[in-house]
Each structure stands twice: as C-alpha cells, then as structure tokens.
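Several structures are given next for inspection.
Look at the two complexes coming up: chain A is in both, with chain B in one and chain C in the other.
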Partner chain A sequence: MKARRTNALIWGWTLFVLVAIYLPIVCGALASFNKSRYFGFPIKVYSTEWWSKTIDSIEIGMIVKTSISVALLVTLFSVVIATFGALAFARYDWKGRRLYQKLILLPIFFPQPVLGLAMLLGFNAVGIQTSWMTAVFAHMVWIVPVVTLVIAIQVYGFDASLEEAAFDLGCSRVQVFREVTLPLLWPGIWSGMLFAFLLSWSNFPLSLYTTGADSTIPEWLYAKMVAGYTPMVPALGTMATLGAAALLLTGGLVGLLVRRRAAA
Partner chain B sequence: MLQTLPAGAPGAETPAAPILQLVGVRKTFGGFTAVQGIDLDVREGEFLTIVGPSGSGKTTLLRMLAGMDTPSEGNITLHGELINDIPPNRRPTCLVFQSLALFPHKSVGENIAFPLKVKGVDAAARKARALELMRVVRLPEDYFDKNVMKCSGGERQRVALARAFAYDPEVLFFDEPLSALDYKLKKALEKELKDLHRETGKTFIYITHSLEEAMVMSDRIGVMRAGRLVQVGTPEEIYGAPVDRFVSEFVGEVNTIRVKREADGGWAGVDVPGRFTLAPPRDGTALDEAFVVVRPEFMRFLGPGDSADNRLEGIVYNEYSLGSRIQYQIRVDAGAAGEKVFLVELSRSRALPPGTDRAVTLGWDAADAFTLGS
Partner chain C sequence: MADIALAPAAESPAQLRLARRLSAGARCAIPVALLLGIGFLAPLMAIFGYAFATPRSFDVFRSFTLENFATLFDPANTVWVSFVWSCGLALTTVAILAVVAYPIAYGLNVVFGRWSPFISVLFVFPLFVSENVRLYGWVLFYIKNGVLDGTLKWLGLSGGPEVLFTPGITLFGMVYTYLPFMLFPMTLGLALVPRDLIDAARDLGAGRLFIWREIELPLAMPGILIGMLLTFVLAIGATAEAKILGGQSIIVISHDIEIAFTYSQNWPLGSAMAVVVTFFIGGLTLFALSKLDLDRMLGRR
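So, the complex of A and B:
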C-alpha cells in the first residue's frame, strides 16, 4: 500500500518535471504552425506556410550559415586546445598546475553578458572590427574551459602506465600519442566536440556583443521578438532545437556503435 | 622459437659476464633519498629477484633500470655501455607493469603485435609472430581477436608476457605482475615464468615484496631495505645464511632471542632467562651481544628422554593449521619482562594431540640457529 503511494508520487513528479521542461518547446513548435501572423492560443487555423517561408528566406539562410560556421570553427579550435589543456590539467604534474586548474575554470562562472561586453571593449581597444570571426574567439573563451573539463574527466579515467608501456615498447612520443593517448581519450574528445558545437550553436549573450554586423540564430530570434514578430521566429527556433537534438542523437549513436565495435 | 641471445663463448669456464652493471646508483626526489648507493652485477641469462617491503626503493630501482627515471648519481651500464640517460624506447629492455598496462582498445593479438607494429613490421609477419608467441605463453590461437579486457587475470598475464617477448628485449623487468592474482593461479604462473625464463634464456629482473615468490623462481635474490641492498645471494644463501635479523625475518616468521656474553665465555639470554649454546657467527666476528634466530620449523618439542643443545619451558596457548603443517604458539615465562611468544612448526604427522594450555619443553640445536650481530 505504502509502496504504491511512493511509486505514484515518483511517477507524478517525473511527469511534472518532463512536462515543465518539454511543454514550452512543444508550445513553440505549435506557434510556428499558426496561420495567423500573431501569436495566440488556441490556434484557429494550422498551416506550414511559415515553415516554407523560413526555409526559403535568403536572410535566414545566411544566419544559419553564420551560426554553423561559428559553431564548427569553435568546435575545431576548442577541441584541439582542450585536449592538450586537459592533459596539462589532469595528467602531468607541473609547477603552477593548481593555479592553472583554477584559472581555466573561472570563465565558466563569469556572467556571459559581462564577458561579452568586456570582449567587445577589448576588440575595440585593439582596433579589431567585430564580425562572426570575433564571435568565434569570444565563444571559445567560454567553451574551451567547458570542453577542457569534459576531456579532463576522460584523462582522469585512464592509467598513465599505458603511455609508459607504449614508450617502453619502442614508441616515439608522437607514436605514444597516436597509438595510445588519442584512442583512449576519444570518447571524451567526442563528447567535448558535441558540447562545443551545441554550446556555441545556442549561445546568445556572447554573440550579441561580438558578431558585429553579422547575426546568429539566437540573435535573430531575439531581434525579431523585440520587433517584427512572425511565426518564422518559433519556426526557426524549432528547427534549431530539432537540429541540436538530431546532432546529439547522431553523436550518441556514433559513440555507441564505436564502443560496440571495440567491445566485440 | 624465441630469438635468444647467444650464450657466453663456447667452452668458457668463467661465469657469464654481467649484462647489467650498477655502480653507486642513487636516486633522490627532492630531499628524499629513495635509493642510496646500489652496486650490483646482473649476469646474462639469470633470474634475479629484488625483494623488499613497500617503500624500500625497489620500484624506483626498477624504473631506473627500465629508463623511466634517471639516477641522481652513479652509473648503469648495459654490455659495458652507459645507459643512464637512454630513454626506455631506445633500450633493449622491457618492463611488465604491475597493472600489466595492456591497451584496452586493442585485441589480444594487437596488444602482442604492438611492438612489431611500432618497428614497422608488416601486418602478415606481425600476426605470424604474435600467434607464435601466443603458443609460447600457452594462449589459445582463437584468442587473437578477443577483447583483452574480457580475458581473465591469468590470461592477461600471458598477454603482457607475450607482448614483452614481441619486443625481443635482452632484459625483461617485472614489477610484481602476479600480486593481484589469487594464490593458486599465482603459484602456477610462478612456475610457468621460471620455465619461460629457461626456455628463452633471457635475463629476468623481477621485483616483489613476497620472498616466497622470489624463492620459487630466482637464481639469485637481492633483499632491499630503506634504499639499500642488504644481501644478494642464491635462495639457499638468503634462507640459510641471512646477514642480519631483517633478512632472516623477511624470509618468514622467526624466533629471536637477545643474548649477551658472560664472563665465562658462554651466552645468557637478555629477554628470556637461561643460558644458550650458540653457533659462532658465520662471518667470524667476535660479538659481546647477539641475536639468536631460530626458524619455527627448526624448533621441536622434547619428550622426557630427548636431548637438544638448547631448551625452554613453556605453555601451548594456540595452534594453527597451515595445511600440511601445524604451527604452535608457546608462551615462555620471561621473568621481569613478562612473557615471550615462540613459534614451533611441525609437519602434521608429528603433531601434538589436540588441546592447548599444556606444558611443553621446546628444544633446538645450535647448528639450526643463526647468530647475528644486528
């Protein structure tokens, strides 16, 4: 009797949390299928008109391209820097490591709008024209620490004697890295890549200050909410969310398949 | 089957030349001295075991031999060539790690063939050699593609060994690779390792904290304590002629009595009352104070008519079965010092009738005990 009540409570709470998290997303998606220009529930006439308009829009095409370019470059640079950063963070013992561990984590806790503004002022001070390329740098200031931490967890999980053994069996330092370190860090690097891409893809406050004349998806959504709302806003928002979800799902599946094959 | 080194010149009567030579090797970490001045000649083809308690510096010594640490002082030479600063990947030596350090992302075959891959041997030759080595270490052929993490402890041991052989080193180092295994498997692998040593003719240097393990496998044993080699000798020498109490106690449980010389030249007990007959110290030094060390298996119970060089009266208060042997703990009245416990080990066939709290007379002969100065 008591167990059943406990069970019911657990299920009820779980359901509530799920609804609280996912209902707004569903609302956004529904709003994008509203034929009317103005938002309002219940929706009187459904239509895919705004989805086709969004897909056909040249302006949105450019914005999506900007977002993808920023996210891809951030992913590439962040993962390379973070992989070596994580080895310095978690593997090697060196003077100043503790200070480094603290300094590298600090940007994660900075308020992002402040960080963005600071970087805009910094770019101006040294005379760099802001564009989506400066946004890549700005995103990295925040994302490299996160990815470093993600990969460092993987570094902590593997036995340093494996590298020593490879070195002892005749490997050069480069061969040790290629044959042992990199393959064993791969799961961490893979999740670090997903983190980097998705965090950059959805970032608003840093982009707002540092993209200059260019615009990313979150910036465009915000601008159109402030002035000039059409259901293209929730349509693009839903597309961006679906894109992120698809990436995450593919990433997870690839990881699973690789692990399966390795375990065979 | 294995590429072995040419043995010493045919017909040579002299013992094999040292393959590895250590002269005054020291290692300090900051203010801490882990290894303090080791001199050692390792003969080509021998199985040398370094034993010592944890913290005695044996792992540091091994890491210097393998090239993972450099000596702070002193010289390590291989075939007469100074190798202090040669990194491990350019030394013809190979270390089998305590953790074995098998690559979890590679199969059994890939692990074994790894050193060959690094050398640039082509895939077909690699596989052939790996399969050959799997036969040597008694691994079934169909394990070639098996995930190494799915192998049992004993199988992993064999993979690690085969991988080390694939590197074709002149000297193999072992850092307690058997310590994580259960007793029975450990015993079996100790014997296999000794067989492999004989079959391959390679020089093996093995470190362990277990003298029992060292006794089974080694041609020679070096006992380490606080960064120094206290004694180097054959298992018989270490067991039968320990240089000090530390070595004697390391070999197994012992009974120790402190004695001092009396005016008449005889010996009197310090921590147990009585007079004792001692064999002279093996190194011939004249001592005024000494320790008598008697192994439990050299102690016996004396009946009414039995004689022995030395005897003590005591009370049995515990007995333990050691399988084929039985160990007794005997309390001996030590006067002002209270009581002293002695151990006696007998084979089961000569056991006392069961029951404790019985008065007994212990006896041993002077020739079965060691007289040690420290």
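So, the complex of A and C:
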C-alpha cells in the first residue's frame, strides 16, 4: 500500500516536471499565432499571418539553409570520427584508454560560451576568417565527444568474438568492418547521427562566436529577442522545434523498423 | 592535475608513426585526438597566450606581462562579484536539481516500466530546442500581460507576480535548462544498484530510510556525482539565463568575459578571466573524473 502511494507520487512529480518543461515551448507557439505585433494573453485575434511572413522571408530562408548545411556537415564528419572514437573508447583494451576516456569528456564538461570564445581567438591567431564553415568545426569539437559516448554504449554490448570469427574465416580488415562491425553498431551510429544533427541544429553559444558574418537560426532568434521583437521570433522558434520533433520521430521510427526487419 | 589536461594528443609525425605501430585501439583514437588537439587544446593555448599579452592589445605570444592577472585580482576590481554570483547560482542549481531529478531518475529505473523509454525521450527532446527559444518562452509566460498574468486577470484575480529580471528567475532558468544534465547521469547511476540487493535488505528487516542511505545512495553515487559535476560546470559558464530571463540584473562570470571581448575590446583581460575559469573547472573535472570508472557506468558490467 505504502509502495503504491510512493509510486503515485513519483508519477505525479514526473508529469508535473514534464508539463513545466514543455510549458515555455507552448507559450512560444501561442505567441506565434497572435495577430497583433505585441504579445498579450488571452490572445484576442488568432492568425497565421506571422507564420506565412516567416516562411516567405528571404533572409530567414538563407538562415535556415545555413543551419541545415552546418548540421548536415557536422553529422557527416562527427559520426565517422566518433565511430572510431567509440571503438577506442569501449572495444579495444589499449594502454592510453583510461586517460583517453577522461580527456574526451573535457569538451563536454566545459562551458560552451568560453569554448566558443577560445575558438574565435584560435581562428584569429592563425588568421582564419570565421564563417559557417568554421562553425562546423566548432560544433564538432563539442558534438564528437557526445556522439562518441552515444555510440560507445552500443559498442559495450558488442560481441568482439564475431569479428575474430570473421577474420578466422579469411575476411579482410575492410570486409570485417563493413560486414560485421558496422551492421552490429548500426543502432548506436543511427542514434549518434540524430544527436549530432539535432545538437548542432539547436546550438547557440558556439555558433555565436564562430559563424562570423553568417547566422544560424538560434543566433538570429537571439538577436531579435534582444532588439526588434516581432511574432516572427516565436514563429521561427516553433518551426525549428517542430522540425526537430519531426526528425526525431522519423529517425526513431526508421530505427525501429530497421531493427524489426533485422530481427525477422 | 591540470598538466594532464595539457598533455599533448598524438599530433606530430613522429608520434603518429609511433601510434601506427601501436594497437588498433590507439589507431581508432587518432581522429578524435587530432580533432580535440586542434579544436580544444590549441584554442585553450591561444587563450593562455593572450592572457599574458599587454592589456588592450592583440600582441599574442609577442609580449609577456602579468598585468592582466594583477587587474583581475585587484580588490578594487569587481570581477569577483560575478564569480561569486556564478558559483553561488551554480551551487544552488545543483542542490535544487539533485532534489528535483532524484525521484524522476528513480522512477525511470524502477517505477515507469515500459513507459520508461518514452519518458526518457520526452526529457531528452528539449536539448534539441535552442535554449534561447525555451527561455524566451518563460519570458512570454511571466511577462506583464503574458500567459500567467493574463490568465490570472482573466480569472478575476489581481494578476501575476513580477518575477522577471530578478536573480531568482535567473536561478529558475538555470534549474530549468540543466535538468537533463542532472537527470541522465543520475539515472545511469541508479541503474547500477542491483534490485535484489535491496529486496534482500528488505527481507532482512531493513527500513526504507536505512536501505536508501546505506545501499541505494552509495551505489548510485558515481552517477549522481557526474550529474552534479556536469550541472555545476555548465551552470558556471551559463549566460543565456542571466541575459534573457534575468535581464542583466546580475552579471555572471562568462558574461563578464564576453564584455571584455566585445564592448571593452580588451582581449587579454578577457583571456585572463577565461584562464582562471578554465583552471577552476578543469581542476575540478579532472579531480572528479579520476575517481570514476567509466566502463562500469556506461557498460553496466
């Protein structure tokens, strides 16, 4: 009886926190459907005017394109580097592994605004002009360690004797990697890709200092929040959120289907 | 401890050749090591270099002076106020989050059962929404004539409290933003506690408080510590909360660093501040990580 009451309390608390977590996102969505330029609640007239204005804006179109390009390149590079990184993290026993496992965490345990500034200084010191391409590199410094951890969790559950069996049966190193290692790690790599894309998509502190004259969605939103609010700010914010949700949902479903087909 | 952070990753050709002769594991680590060597260590070196340059100049690696640190530690300088604010806010955030996240982490492990993966995803998803967007949503909630104020007035009450642009709301924003960073390490930590051990203790007549204090808490400690460390470190560097929700009613340390780099164009002073923060955080992180076994935490074996 006592246990059931505790469980109910835990459910209640968790749902309460979840509501609090999504409340501001809902507030933003509400504000984007407000017809008048300044927000007031309850909303008197609803309209989709600001949504269509946001979609039609050429400036925002360019910013969205920049954000997508950065996120795609980050995903591509990060996943390749992190897959090998994860093998070094969890698959092989080698001399420097304990140290490596800890050093790789440092960029995650580092405040991003300071990291962004440090990278700006670094680019400046070697004379590299910052643009969205430097932002790709900056994002990777933070995202590769995260993706490495995501894939490493998959690597831990991976049976290394399968690789050895393939070697014994005469497979080359490339064949083993393509036919045994990759398919076994695929679920982890897939989640890693989703993480890489979405974390880059939503990153603000690193982009702020490393995109130079270019601008990503979170940067544009911040600039307009500080000066020049229009309901296009919550509209674009809500669109970015919905885009992320759609991607996560599709990604999750694809992952599930592939796994089910593999099991069948 | 700090010199471990500065130990060079395999970068020079000679080291690469050595690494090639090394095991497969070391070879797999090379791309990551190169990336972090160029993208993480080198920028920290640049900051380090700038910290010893002549104030208000860009003479990196060409001048050497301790003037920036002298300015920083001069009692007349008010940077320490920002530092104290940041530390205080970060510590309070950690304390509040530990209490907020513990029941949820416990629930994810023991109570929610088949709902657990779905609830985890719901807690992960906000990480994929820019913190600006989420914090601005709170502004819309708390602002005059906003969602809270408007709803209360509509109900015929006197309207919502004016909480925006205060230190309190900054703290609220930090607790809000960093919840997942406490929750997930804590969940991993609690997953390390064998349930049959707890059942055995209960069968032997141990009370709930006793089981929690003597079994659950000590066994889950690695995860809880990682969560606390992660939230503390990230909260020390937080700026968005103080800027968007706090309306700059308090200046946190990374905001101070930013000001030195932008408005006052004093890169060397900003770098000196960043170096102090880096050493503080780096020392703390390496100290804590040296006590943890990551294989056990992530691999659950």
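Rule of thumb we're sticking to: the second predicted complex is superposed on the first by the 250 of 264 C-alpha atoms of A that agree within 3 Å, B and C clash if a C-alpha of one lies under 4 Å from a C-alpha of the other, contacts with A are read in each partner's own complex, and residues count from 1 in each chain.
Everything that follows uses one rule, which is that a contact is a pair of C-beta atoms (placed from the backbone, for glycine too) under 8 Å apart; a residue touches a chain by one contact, two chains touch by 3 or more.
This is a predicted model, so every value here is computed, not measured.
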**Prompt:** If chain A is used to align the two complexes, do chain B and chain C fit next to each other or clash?
**Reply:** fit
**Item:** For chain A as apex, the angle formed with chain B and chain C - C-alpha centres, to the nearest 10 degrees
**Value:** 90
**Request:** Considering only the touch criterion stated at the top, classify A:Pro183 as touching first (chain B), second (chain C), both, or neither.
**Result:** first
**Message:** Tell me which partner touches more residues of chain A in the superposed arrangement, chain B or chain C.
**Reply:** C
**Request:** Name the contact category of A:Glu164: first (chain B only), second (chain C only), both, or neither.
**Result:** first
**Item:** chain B versus chain C as contact partner of A:Ser172, first or second or both or neither
**Value:** first
**Request:** For A:Leu106, decide between first (touching chain B), second (touching chain C), both and neither.
**Result:** second
**Item:** Superposition-derived minimum Cα distance between chain C and chain B (Å)
**Value:** 14
**Fill in**
Dual-contact residues of chain A, meaning touching chain B and chain C, are none
**Item:** Contact footprint of chain C on chain A as seen in their complex
**Value:** 7, 9-11, 13-14, 17-18, 20-28, 30-31, 39-42, 80-82, 84-85, 87-88, 90-97, 99-115, 117-122, 124-125, 137-138, 140-141, 144-145, 148-149, 152-153, 156-157, 198-199, 201-205, 217-218, 221-222, 225-226, 233-234, 237, 240-241, 244-245, 248, 252
**Item:** Complex contacts: residues of chain C adjacent to chain A
**Value:** 4-5, 7, 9, 22-33, 35-36, 39-40, 42-47, 49-50, 60-61, 100, 103-104, 106-107, 111-112, 119, 121-123, 125-138, 140-141, 143, 145-147, 149-151, 154, 176, 179, 229-230, 233-234, 236-240, 243-244, 254, 257-258, 261, 267, 270-271, 274, 277-278, 281-282, 285-286, 289-290, 294-295, 298-301
**Request:** Using the touch definition up top, name the residues of chain A that touch chain B in the complex.
**Result:** 159, 161-162, 164-172, 175, 179-180, 183-184, 262-264
**Message:** Residue numbers of chain B touching chain A in their complex, please.
**Reply:** 66-68, 87-89, 93-95, 97-99, 101, 103-105, 114-115, 117-119, 147, 163, 167
